[in-house]
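You will see two complexes here that share subunit A, one where it goes with subunit B and one where it goes with subunit C.
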Partner chain A sequence: MKTMLYASAAAAVLALVSTAQAQDTVKIGVILPYSGQFADGAKQMDAGIKLYMKMNGDTVAGKKIEIIRKDVAGPQPPVAKRLAQELVVRDNVDILAGFLLTPNAMAAADISAEAKKFMVIMNAATSIITTKSNYSVRTSHTLPQVSATMGAWAAKNGVKKAYTMVSDYGPGHDAETSFQAALKSAGGESVGAVRMAVANPDFSAYVQRAKDLNPESIFVFIPGGAQPAAIGKAFAERGIDSAKTKILGTGELTDDSALVNMGDTALGIITAWTYDHNHKSALNEKFVAEYKKDNNGENPNFFVAGGYDGMHVIYEALKKTGGKTDGEALVNAAKGLKWEAPRGPMMIDPETRDIVQTIYIRKVEKVGGKLVNVEFDKVENVKDPVKAAMK
Partner chain B sequence: MLPPVFGVLFDGIAYGMLLFLLSVGMSVTLGLMNFVNLAHCAFGMLGAYVTVMLMKNFNWNFFATLPFAFLAAAFVSVLVERTLYRRLYRATDLDQVLLTIGLAFISVAAAAWFFGTTQQPVAMPSYMRGSITFFGLNIGIYRLFLIAVGIVVTILLVMTLEHTRFGAQVRAAVDNQRMARGLGIDVDRTFAVTFALGSGLAGLGGALAIEIVGLDPHFAFVYLVYVLIVVSVGGLGSIAGSFAAACLIGISDIAGKYYVPQLGGFLIYLVMVAVLMWKPAGLFGKRS
Partner chain C sequence: MTASDPAAAMTPQTYMQSLSRWRVLEIAFWLATLLPFWLFPTYLSLASQIAITALFALSLDLILGYAGIVSLGHAAFFGLGAYSAGIFTKFVWGEPFSGLLVAALVAGIVGFASSFIISRFRHLTLIMITLGLGLLLHEAANSMSWLTGGSDGLQGVSIKPVFGVFKFDLYGYTAYGYALGILFLCFLFTRRLINSPFGLALRGIRENFTRMPAIGADSRAHIRKVYTISAIIAGIAGGILAQTTETVALEVLSFERSADVLVMLVLGGAGRLYGGLIGAGVFMIARDQFSGIAPQYWYFWIGVLLVVVVMLLPNGILGGLSKLTARWRRK
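Coming up: the complex of A and B.
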């Protein structure tokens, strides 16, 4: 107990000292899995953060922005919590940001709530994260936001019966329930569902089962990475013809890297998503060109957009507060913030602090010999349906 | 029209063949040489990356890369065996486990460093994709090919170990090393070749697995679990055992996902527990 007291006293003194020194800088602690299985996503989001600072300068409202990066190395909530704590207590950061994975964001939200630090969630997509800290905002999307939009769109566009296939974990359950609910309330019907083991290398049995039921459409949610290609190949191998059975999904399913792996079997898959580098807007074209210049010609994806837009929220909030960094002031400045992002118009919902944005309906087509997600419809001003239902 | 159960059996056996190719090498090294090689799947991963690189950077045909996946894995494994493993043949299991699991970790990090953590794309020749219909059953062409490879490898292995001079030397060296040396058998060389053969097969299995399960740096660990299950269910050192166990695990995995998806991928663990309670040394295990 005594050592705890000393430690916190020392921390308090240190905090005072560093506040005195750090008056002209705003420190942002970024927590991402820079190593391990999710390192690619972290790298991309980090590149989005860097790009925003490069394009908009590293000084806002007279303060210099300093980024302190911490590697959480995977879905490890205790580590994320410890890192957030260290950032707040030792490095004396003003803002917590990053967060690729839900469990890490949930753990760090406790620290944000306790220390009253502004927190920007740049990817993690489980609905409830933003309810854990009143100082948090999100600049990515929520999974229900995307999958409910898909469900409602499908029912309105002639797909009345759907079978759902989701990964058997939190986000998968979210996607399943919100897709089915939206489908039903728009007059559609769910004809069956399967939850697939998360650590699952071979999808053939699940796909065969779906095929034997011969549904009008199949909705798929699986995490990005290894699985989209595997399930795409299983669809092709089982002879599921996307002309007869519509394959619907969220954007992970047809991410660029997944498309390369799937090849032509991906043609005709319809997905609902927030950002694609082919989105047509002047701002996006500039964003893509600048990103490619710094990243060996790679195209930006939703991780990059999440990081980029997250920095935008931080910059705009700081401008509004005139450089004041207390959590209350920053989060109030962020509420209701509207801006034009590479992905289109966005807003921080003043009530839920979550993201409000356009969801695009895309279809995989071959353009100039390459597989591309072509946007052909959109739903504007989509809020998170889970929080709307909580009210 | 055949009922779906045949489709499940076919898919299960095809998946089992993949597991068999990946695990038979480990069964041999563990059962015959008493060496716990947890880096076994790292050699499988090596073979897979060789195939991907040859196809991506040199536009090789998928089939042409397969021998090189085998050879590369075999060659690297001999280097590792000569420099590291041979020192630990008489060491305790724990020492062997520590060394080899460390190597597996290194292989994951090395693969991530060189190739990135993303999935590696491979484009199979178009005639290997899709499926044919046989009495109303969907038969995946690639899966058919997997089963053929699995059967050929099994026959070759059994013939080699049971009916050739080399096979006799391996069995002699395992049963009584001193006696084998006394008879003029070069035990070191025999072990090195056996080891290379096992790792080479893992390399081949890894290359064949890409189309079904994909490839990223975690391959070395993800499949280690399945390989250990197959080896323990089949019984150490038994090729027939590995074959039977791989089929059993493959079929129960597919059947579980098809008929009782709520159980998900868990059924294989139940099968493993049941088999090991019935026969602690595995289906074809000789010693407990």
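Coming up: the complex of A and C.
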């Protein structure tokens, strides 16, 4: 029975190889949480992928691009791993892409490594994901990349003492450590920290504790969605004045949808982030206009940018390999790739395969009656600090 | 059982024996579980996850279907098993069977400890307690991220080949064979247990909790035993998931997992041994197919399926089938 199993497995592999060679298409398997509480982000990233294909055609290097979508429904690594497995063995995909959530990306990376498939991480932001497969690249950001930049920038710009408030889960802990480390090494000081329950919509107790300390600044990291508005309200209610106490954060805090809910309490919040639709460049203006046309006038966000730039890496890598799709060739083609993206200049680090990009420092201001993240400073060529420290 | 049995021949001994006799359909069912190896070799990783979920559903059936303990937190034991097996594999030893043993042990100990609370309550209180236990463990795993990997999931689990020979491969041949084998062994054990006087006593407890002690069967002691056994089986199921996917995430302890397995059991038919297995298969295949058609809306179709089954077949798919065959036999 065992030999029969292996024989049928071998036959299946042979069948796969021969059909893959005969085709003139490049199949990309996209794994995203299309249903469940992360469905919004998945929809936006998918729209970014679609937009790139609309603007740049669906043929590259003589091959037609075909997208196969799979729903992972939330942070479920066993499902993500199985979907990646099925995409490889059943649908014969050449490239794995998508990945909104870290645990899913980590699980699928095993398959990428084992099957030697090129993998493009379009959002998941934990630093170590790209170390799990040598065939993976990232086109979003890493969390330390933004929060460490925030810490260093704050210390260099007169904020010497900071209190940190983060959600009590993996990304929150990462944000806290990298912000504090960067702040300290730039001459600042951490005056206290609190970790807030992830599922907790009431922040008033935490904010009160921060207020009692009366710190010079407060760094906040919470997941996007409904929470930014809740914490914004708590700041306003407890009387924390952003003119006296600087509120610092990452871009999730002042995302467009969050700003709408926060209202004027958001004014003066300073965040470090990679992309905002108000970024001034000709390329971005075109990108925003095209996106709005297809999506009922909505503005693109970082999910959209991640999907769009991820497709760019795939297209450029395919052009370089002349349509060859083996993982080794594609990842080598992607290493060191430099391009001008809607968010500004980007590069795939040839050593770590992670993203190198400009981090913008923005402040929430009222422009023409609307709350807007206004970029007023930037740090160029930021690498992932965790992997830089590993070396 | 069947109408043709002469009533005179039905002593308690022969009744118990007739329960444990293997039927043709059962043998056919287990032979059919081997078919995916040849017919659907590209669906084997799905098949292995169905086998794992089926084992989990079987463990819930033991307490819900037979002893009448309603649990909305059964994922607690599944998750305990998954984390125990995962952590053991990562830090101690990668041999799969010893990992399963550790998973069973940890889940069993926690199951036994909590069974003292469980056996004191019934109905709604029980739902709340099991729900709370599940949430507690979920939060504990989240905050102990140094051990569990927190919301990023446990990484670096690398499992050795089964029997030192069969490596876990990309197609999932080993994963399915392994999961199916363990499922079958646990099933044999459960089947023996259910068709024993102990199993009969459980059904008695389900029907009338207060009357059983009057005929000499202590309800609470029975519930403690079956709850511990159920926890062990759920832990083994979690352990297999951790080993075959080489990762563990907080999701194994989530409320959704507890709720989904309940849905599967209701779909298949609770208290019927095969109900959980059939329910898990139907649920997972339906989910896979529906989400392939429209990734955004698959849960809608699962909802429709559940409503239809509950309205038309109150005892689940198996309940409906046995009703049909009973009617057909009478004619």
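The definition used in the following text is that the second predicted complex is superposed on the first by the 374 of 391 C-alpha atoms of A that agree within 3 Å, B and C clash if a C-alpha of one lies under 4 Å from a C-alpha of the other, contacts with A are read in each partner's own complex, and residues count from 1 in each chain.
Here is the rule we go by: a contact is a pair of C-beta atoms (placed from the backbone, for glycine too) under 8 Å apart; a residue touches a chain by one contact, two chains touch by 3 or more.
Small disclaimer: the values here were computed from a predicted structure and weren't measured.
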* To do: Scan A:Arg209 for contacts with subunit B and subunit C and give back first, second, both or neither.
  => first
* Which of subunit B and subunit C A:Gly368 touches, first, second, both or neither -> neither
* Asked: Does subunit B (first) or subunit C (second) touch A:Gly62, or do both, or does neither?
  -> neither
* To do: Look at A:Gly74 in the shared chain and tell me whether it touches subunit B only, subunit C only, both, or neither; answer first, second, both or neither.
  => second
* Answer with first, second, both or neither: which of subunit B and subunit C does A:Met196 touch in the superposed model? => first
* Asked: If you stack the two complexes on chain A, which partner ends up touching A:Gly297: first (subunit B), second (subunit C), both, or neither?
  -> neither
* Asked: Touch check for A:Ala39: first (subunit B), second (subunit C), both, or neither?
  -> both
* To do: Applying the touch criterion given at the start, work out whether A:Thr126 contacts subunit B, subunit C, both or neither, answering first, second, both or neither.
  => second
* To do: Name the residues of subunit A shared by its contacts with subunit B and its contacts with subunit C.
  => 39, 168
* Asked: Contact residues on subunit C for subunit A in the complex?
  -> 37-38, 41-43, 45-46, 49, 142-143, 145, 149-153, 155, 169-173, 241, 245-251, 256, 291-292, 295-299
* To do: Name, in rising order, each residue of subunit B that touches subunit A in their complex.
  => 4, 7-8, 11, 15, 112, 116-119, 121-123, 129-131, 138, 140, 142-143, 211-214, 216, 218, 222-223, 253-258, 261-262, 264-266
* To do: Using the touch rule from the top, collect the residues of subunit A that touch subunit B in their complex.
  => 36-40, 168, 194-197, 199-202, 204-206, 208-209, 211-212, 225-227, 229-230, 233, 236-239, 257-258, 260-261, 263, 265
* To do: Write out the stretch or stretches of subunit A touching subunit C in their complex.
  => 5, 8-9, 12, 32, 34-35, 39, 43, 69-71, 73-79, 81-82, 85-86, 88-90, 102-103, 106-107, 110-111, 114-115, 126, 128, 132, 168-171, 173, 198
